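Across the two complexes that follow, chain A remains constant while its partner is chain B and subsequently chain C.
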Partner chain A sequence: MNYSVRKFDAVIVGAGGAGLRAAIQLSEAGMKTAVLTKVFPTRSHTVAAQGGVAASLGNSEEDHWHWHMYDTVKGSDWLGDQDAIEFMCRKANEVVVELEHYGMPFDRTDSGKIYQRPFGGHMSNFGEKPVRRSCAAADRTGHAMLHAMYQRNVKANTQFFVEWQALDLVRDADGEVLGVTAMDMETGEIVVFHAKATIFATGGAGRIYYSSTNAFINTGDGVGMAARAGIPLEDMEFWQFHPTGVAGAGVLITEGVRGEGGILRNAQGERFMERYAPNAKDLASRDVVSRAMVTEINEGRGCGPNKDFVLLDITHLPPETIMKRLPGIHEIAVQFAGVDALKEPIPVVPTCHYQMGGIPTNYNGQVVVPGKRTQSEIVPGFYAAGECACASVHGANRLGTNSLLDLLVFGKSAGESAVAELRAGNRTHKPLPQECIDQTLARVNRLNTQKGGANVHETRLDMQRAMQKHAGVFRFKDMLAEGVEKILGIAEQVGQTEIADKSMVFNTARIEALELDNLIEVAKATIVSANARTESRGAHVRDDAPDTPANPNGRDDANWLKHSLWYREGNRLDYKSVKLTPLSVDSIELKTRAY
Partner chain B sequence: MTVSNSRKLHFKIYRYDPDKDAKPYMQDIEIEVPATDRKLLDAMVTLKAKDDSIAFRRSCREGVCGSDAMNINGKNGLACLTDLSSFPEGKPIILRPLPGLPVIRDLIVDMTQFFKQYHSIKPYLINNDPLPERERLQSPEDREELNGLYECILCACCTTACPSFWWNPDKFVGPAGLLAAYRFIADTRDQATSERLDNLEDPYRLFRCHTIMNCVDVCPKGLNPTKAIGKIKDMMVKRAI
Partner chain C sequence: MEEERRARINRLKWHCRRALLELDLVFQRFWAREEDGLDVQAEATLARLLELEDHDLWALVSGREDTDDPQLKGMIERLRAV
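Let's turn to the complex of A and B:
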C-alpha cells in the first residue's frame, strides 16, 4: 500500500470549537497549518451545543470570575485542577468578547450587551444563589459560535483538509510527537502529515453508550489514537449524563430550559428537585439532577406506560419567552418528542452527554504524562484541547456552559503554546519512525483482507449496550467487575472486524470500523477506571460507596482525591495528585457538596 | 395508534460506486425496520447495518449539522428530520443525491462548488474600527434583524433545488450564499455593505434569482432565502437611483 508525506508547521486534528479556535491562533500567526476534519467544519458536534457559554461578564447582575471558579471546583467535586480552573474562569470574558468581535450573533440585553441566562450550578457569592452567567445566542449558541469561528478561519485563509480521517499518532522512540497518519475519505489515499506541532481537538466519545446526546461522529478518535501511542488517559470513569435527553430519541434539551424557568416533574406532577436540592432546585449540578431523576423512576414515580421518564414542563412560561429564547427546543420537542412544548411537558431521561476525562494536559494545552522526574512532563510537539483533553477543569462533573468555555480557552492556549514553540525554533521535522506508519498500513490492510470477522455494527452495539448497563448513572460493584470482562471480550472482537465493502471511494463502512478501534479504547479506559475507583464522586456513584458520616456522599478524599491514568499497554492504572493550589488565590477547600 | 414491532419499507436508492460501477443505477431494497425507527435516517442506519456499502453522510441526527441532505421522493430535505410516517403506504421511498452537484458515491455529492459560492460572499464580519475592550453594543432590535438569517446550517438543500444554480453553478451564488451575504449586510456591526453589494453587482451572481422559491419550499430550518435576496435587490435598486 502506498502513502505520501506532507510537511506542515502544525497539524490540527478536528475542526469543532477547539480545533477552529486553535486554527485561528496558528493561521493568524502565519504558521503553515493543516486542519484535518472528518466532516465539514460546521458539521462538528459543537454545532449542537444549545444553552450558552459561561463568562462572568456581569451584564445583568454582579458576577466575578472567582465565584465562577468556586462553582467549577465544587461542580467538579474537587477533582478539577484548581490552577487550570482559575486560568479558565479568568480567561472567560476575553474569549467570549473575542467571539463577539468575530461576529457571533449573541442575544442582547436592553442595553445592547451580551444576553446572559442562569444555568445549573452557576451561583453568585460562592454558592449563594443562581446567577446569570451563561452567554447565549437563543438556544443555538454552539451553532452561532461554530459558524462564527469557521467564518473567522475563512478570513484567515486556514487550510482545511475536509473529510480526512486521522488514523494514528506519529510518536518516535524519544516520545516526541511528529504528526499523524490520515486517510482521504474520498479516495482512500493515505498521507502522513509531518508536523512540528500536533494539536488534537477531536471531541468526545459519547457513542460508547447506547443512549447518547452525541452525534454519530463522536467516536473518540483522538483519545483512541493517543492511547495506542502510549499516552495515558485521565479520569475516564467520569461521564456526564445530561438530565434532559428526549426520552427514546436521546436528542438534547438544553439546561437553558430550566435556566429560563422550566421545571422537572414526576408522575404525580411534583417538582421533585425541591427534595433533592432545596436551594438550587432544578438548577442543581447535572450529576445531582440526573441521579434524582433516576431515583424517581426507580421508585415508581416515572411517567408514561412504562414509568420510565419524567417531564420537563415549560407550559407555565409565556409563549413569547419560549419562542424568543428557546425556539430550537420548541422545534426539537415537535420533531423528536411529538409534543408542542407550549402546551405539553416534554418527556426526558438522563442521557450520556459529555466525557469529563481525556488526554492529560496542563492549562497551556500541552499534553503531559508521568515521567522520570515529575508526574506531569510535557510530551514534545503534542497539544490537546476541548472534550478530548483533560486539563482538568471539569473533574468529576462538568458544569453546563463550561464545555464551550473550555474549548475556547484551551483551544486558544494550545494554539498560543504551539505558536510560541514554533517561533522559538525549538521544533524541527525529526525523521519519521517507520513503525508508526506501518501500524496504520497494517490496520487498513487488515480491514481489506479480514475473513470470518465480527460485524462492525453488531460489535459496536454490544459495546454500547454493555457500557449502558454496566457503567450508567448509578454504578454497582458487581456490575462493574462483570462489565470489565465483557468489554475486554468485545475488544477482542473489535480487533477482528470485517467489512463487506472494500471500495476505495468514500467507504463509510471502513471509516466506521476504524472509528470503532477508537471507541473501544475509550470504553476500556472507562470501565477499568470506574471499576477501580471504589468511592463515589461527582458523576461516578457506586453502591458500595454510600453516604456515611465519615465519607459524605460516599466521597473518600483520604484515598481517592487523585486523578486516574489508564494505560492501554498492559491495561493498567496509575494515579496522579490533584492540583489544589490555584494560580493566584487561596485554594478552595474541600467541602461536602450540596445544592 | 397502531402498535407493531416492525414496519416494512420499500426503498429505491440511487447507487453509484465509481470503483466498481460503470454507471449509476436505482436499487430496490425492501427492509423491516423496528417501530423505534421514527425518522428516515433511523431506517437508513438500520439499512446500512444490513448492507454496509450504502454510502451517505450523517452526524448530529437532530437537524443542526446539515450532513444528511438528500433528495427524498423528489424533494430535497434532511433524512434526520423526515418522519417515516410521512411516507404514503405502499409506495417506494425514492432516495437520490442532491441534484445539480457531481456525485462522489451513492448519496454523497461533491459540495466544492456550493462552498466556493458561500466563500465568495466573504462570509465573515468586516469592521475596521479599533476593537473595544468589551463586546460591541447592539440593540435587541438590531440583533433581531439577524433572525431567520444566521440559523442556516449549510446543508445545500436550497441551492441544489434552484434551477438558476443548476444552469450556472459557477456564476450564480445561490440561495444559501446570498442568505449569508444578507446576514452580514443586515448586521449593524458590519461596515462592508457597499463592498458586499459591489461583489454581487453582475448579471449572474445575484440577478439570476428569478424568485422561483424552491429554496423556501425545501429549507429544513424554515428560512426564507428569497426574502433575503429580495432585500439585497432592493438595496441595489436604491443605490442605483
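Let's turn to the complex of A and C:
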C-alpha cells in the first residue's frame, strides 16, 4: 500500500471548539498549520452545545473567578486538579472577551454587555446562592462559537483538511510525537502528516454507550489513537449521564422541561422523586435524578414491555406553555418517542452525555505521562485539549457550561505551548519511524482483506449494550467484573471486523470500522478503571460503596483521592495523585459534596 | 455505473453525519428505508439540503420551519416520514 508524506509545523486533529482555538494561536504566530477533520468544521459536535460558556464576568451581578473555582472543585468531587482549575477559571474572562472580538454574537444586556444567565452548580460567594455566569448566543452558542473561530482561522491561513480521518499517532522509540497518519475519505489515500507539534482535539467518545446524547461522530478517535501509542488514559471511569434522554434514541430533553413543571413518573404513575429528594423533587441535581430513575427501573417499576424506562410527564401543563417555553420538545417527542407530549408522557432514561476523563495533560495543554523522575513528564511534541483531554478540570463530575470554557482555555494554551516550543527551536522534523506507519497500513490492509470476520454494526451494538448494562449510571460489583470480561471478549471481535464494501471513495463502512477500533479502547479503559475503583465519587457510583459516616456518599478519600491511569498494553492500571495545591490561592479543602 | 452510484451514495451518506444526534437518527432511518429507491434527481436534492447548517436543517425536518422550494419540500417530507 502506498502513502505520501506532508510536512507542517503543526498538525491539529479536530476542528471543533478546541481544535479551532488551538489553530488560531498557531496560525496567527505564523506557523504552518494543518487541521484535519472528519466533517466540515462547523458540523463538529460543539454545534450541539446550547447552554453557554461559563465566565465570571460579573456583568449581571457580582462574581469572582475564585467562586467559580470553588464550584468547579466541588463539582469535580475534589478529583479535579486545583492548579488547572484555578488556571481555567482565571482565564475565562480573557478567552470569552477574545471570542467576542472574533465576532461571536453573544446575547447582550440593555447596556450592551454580554448577558449572563444562571446554570446548575454555579454559585456566588463559595456556594451560597446561584449566580449568573453563563454566556450564550441564543440557543446556538456552540454553533456561533465555531463560526467565529473558523472565520478567524481562514483569515490566518490555517490549512483545513476536511473529510480526512486521522488513523494513528506517530510516536518514535524515544517517545516523541512526530505527527499522525491519516486517510483522505474522498480517495482512500493515506498520508503521513509529519509535524513538529501534534495537537489532539478530537472530542468525546459518548458513543461507547447504547444510550447517548452524542452525535454519531463522537467515537473517541484521539483517545483510541493515544492509547495505541502507549499513552495512558486518565479517569476514564467518569462519565456524566443526563437524566432525560429519549428512551431508545438518546436525544436530550433539556432540564428546562422539569424547570417548567415536568414530572417524572414510574409505571404506577407515582411521582417517585418525592421519595428521593423531598425538597428539590424533579429538579434535584443530574446525578441524583439519574440514580433515582435507575433504582425505579431496577426495582421493577419501569415502564413499557421491558420495564426499562420511566416517563416524563408534561400533559398537565397548558399547551401554550409547552409550545412557547419549550420549543422543540414537542417535535422531539413526536419524532423519537412517537408520542404527542401534550397528551402522553415521554419515555426517558438516563443517557450518557459527557466524558470527564481522557488524554492526560497539564494546564499548558501538554500531554503528560508518568516517567522515571515524576508522575507527569511531558511527551515531547504532543498536546491535547477539549473533551478528548483530561487537564483535569472536571474531575469526577463536570459542571454544565464548563466544557465550552475548557476547550477555549486549553485549546489556547495548547496552541501557545506549541508556539513557544517551535519558536525556541526545540522541535525538528525528526525522521519518521517506519514501524508506526506500517502499523497503520497493516490495520487498513487487514480490513481490506479480512474474511469471515465480525460485522461492524453488530459488534459496536454489542459493545454499547454491554457498556450500558455493566457500567451505566449505577454500578454493581459483580456486574462490573462480568462487564470487563464481556468487553475484552468484544475487543477480540473488533480485531477481526469485516467489511463487505471495499471501495475507495467515502467508504463509510471502512470509516466506521476504523472508528470502532478507537471506541473499543475507550470502552476497555472505562470498564477496567470503573471495576477497580471501589468507592463512589461524582459520576462513578457503586452499590457496594454506600453512604456511611466514615465515607459520606461512599467517597473514600483515604484510598481513592487519586487519578486512574489505564494502559492499553497489558490492560493495566496505575494511579497518580490529585493536585490539591492551586497556583496562587489556598487549597479548597476536602468536604462532603452536598447542594 | 454501479460503482459510480456507490461512490455518490457513499459520499451522501458521509455528509449525513451531522453535529446533532437528532439528524443522525433521522438519516439513519432514511437510508435504511430509501437507499434503493433514491434516483439521481433525489440525490441532487438531498445534496442541496445537506449544505444547510444543522440547526436550520433540523428546524425544517422537525417541522418547526417550512420552505417554499418545492424540491426541498418533497425531500423534507420523505425525511419526516421516516
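In this section, the second predicted complex is superposed on the first by the 497 of 595 C-alpha atoms of A that agree within 3 Å, B and C clash if a C-alpha of one lies under 4 Å from a C-alpha of the other, contacts with A are read in each partner's own complex, and residues count from 1 in each chain.
To be clear about the criterion, a contact is a pair of C-beta atoms (placed from the backbone, for glycine too) under 8 Å apart; a residue touches a chain by one contact, two chains touch by 3 or more.
All of these numbers come straight from a predicted model, not from anything done at the bench.
When both complexes are overlaid on chain A, the residue A:M463 reaches neither chain B nor chain C. Of the two partner chains placed by the overlay, chain B and chain C both lie in contact with A:N507. Of the two partner chains, chain B and chain C are each touched by A:V47. Within the superposed three-chain arrangement, the count of touched residues of chain A is higher for B, of the candidates chain B and chain C.
Once the two complexes are laid over each other on the shared chain, residue contacts for A:I217 go to chain B and to chain C alike. Of the two partner chains placed by the overlay, neither chain B nor chain C lies in contact with A:V310. In the superposition on the C-alpha atoms of chain A, the part of chain A touched by chain B in one complex and by chain C in the other spans residues 39, 42-45, 47-48, 140, 143, 186, 215-217, 249, 251-252, 328, 331-332, 335-336, 501, 503, 505-508.
Of all the residues in chain B, the ones that touch chain A in their complex are 17-20, 36, 38, 48-49, 51-53, 55-67, 81, 104-106, 108, 111, 115, 119, 122-125, 131, 133-140, 142-143, 146, 150-151, 153-154, 184, 187, 189-190. Listing the residues of chain C that touch chain A in their complex gives 3, 6-7, 10-11, 13-14, 17-26, 28, 53-55, 62-64. Chain A meets chain C in the complex at residues 38-39, 42-48, 140, 143, 163, 185-186, 212-217, 249-252, 327-328, 331-332, 335-336, 501, 503, 505-508, 511. Per the touch definition, chain A reaches chain B in the complex via residues 39-40, 42-45, 47-48, 57, 96-97, 100-103, 105-114, 137, 140, 143-144, 147, 151-152, 154-155, 186, 215-217, 248-249, 251-252, 328, 331-332, 335-336, 456-458, 499-501, 503-509, 512.
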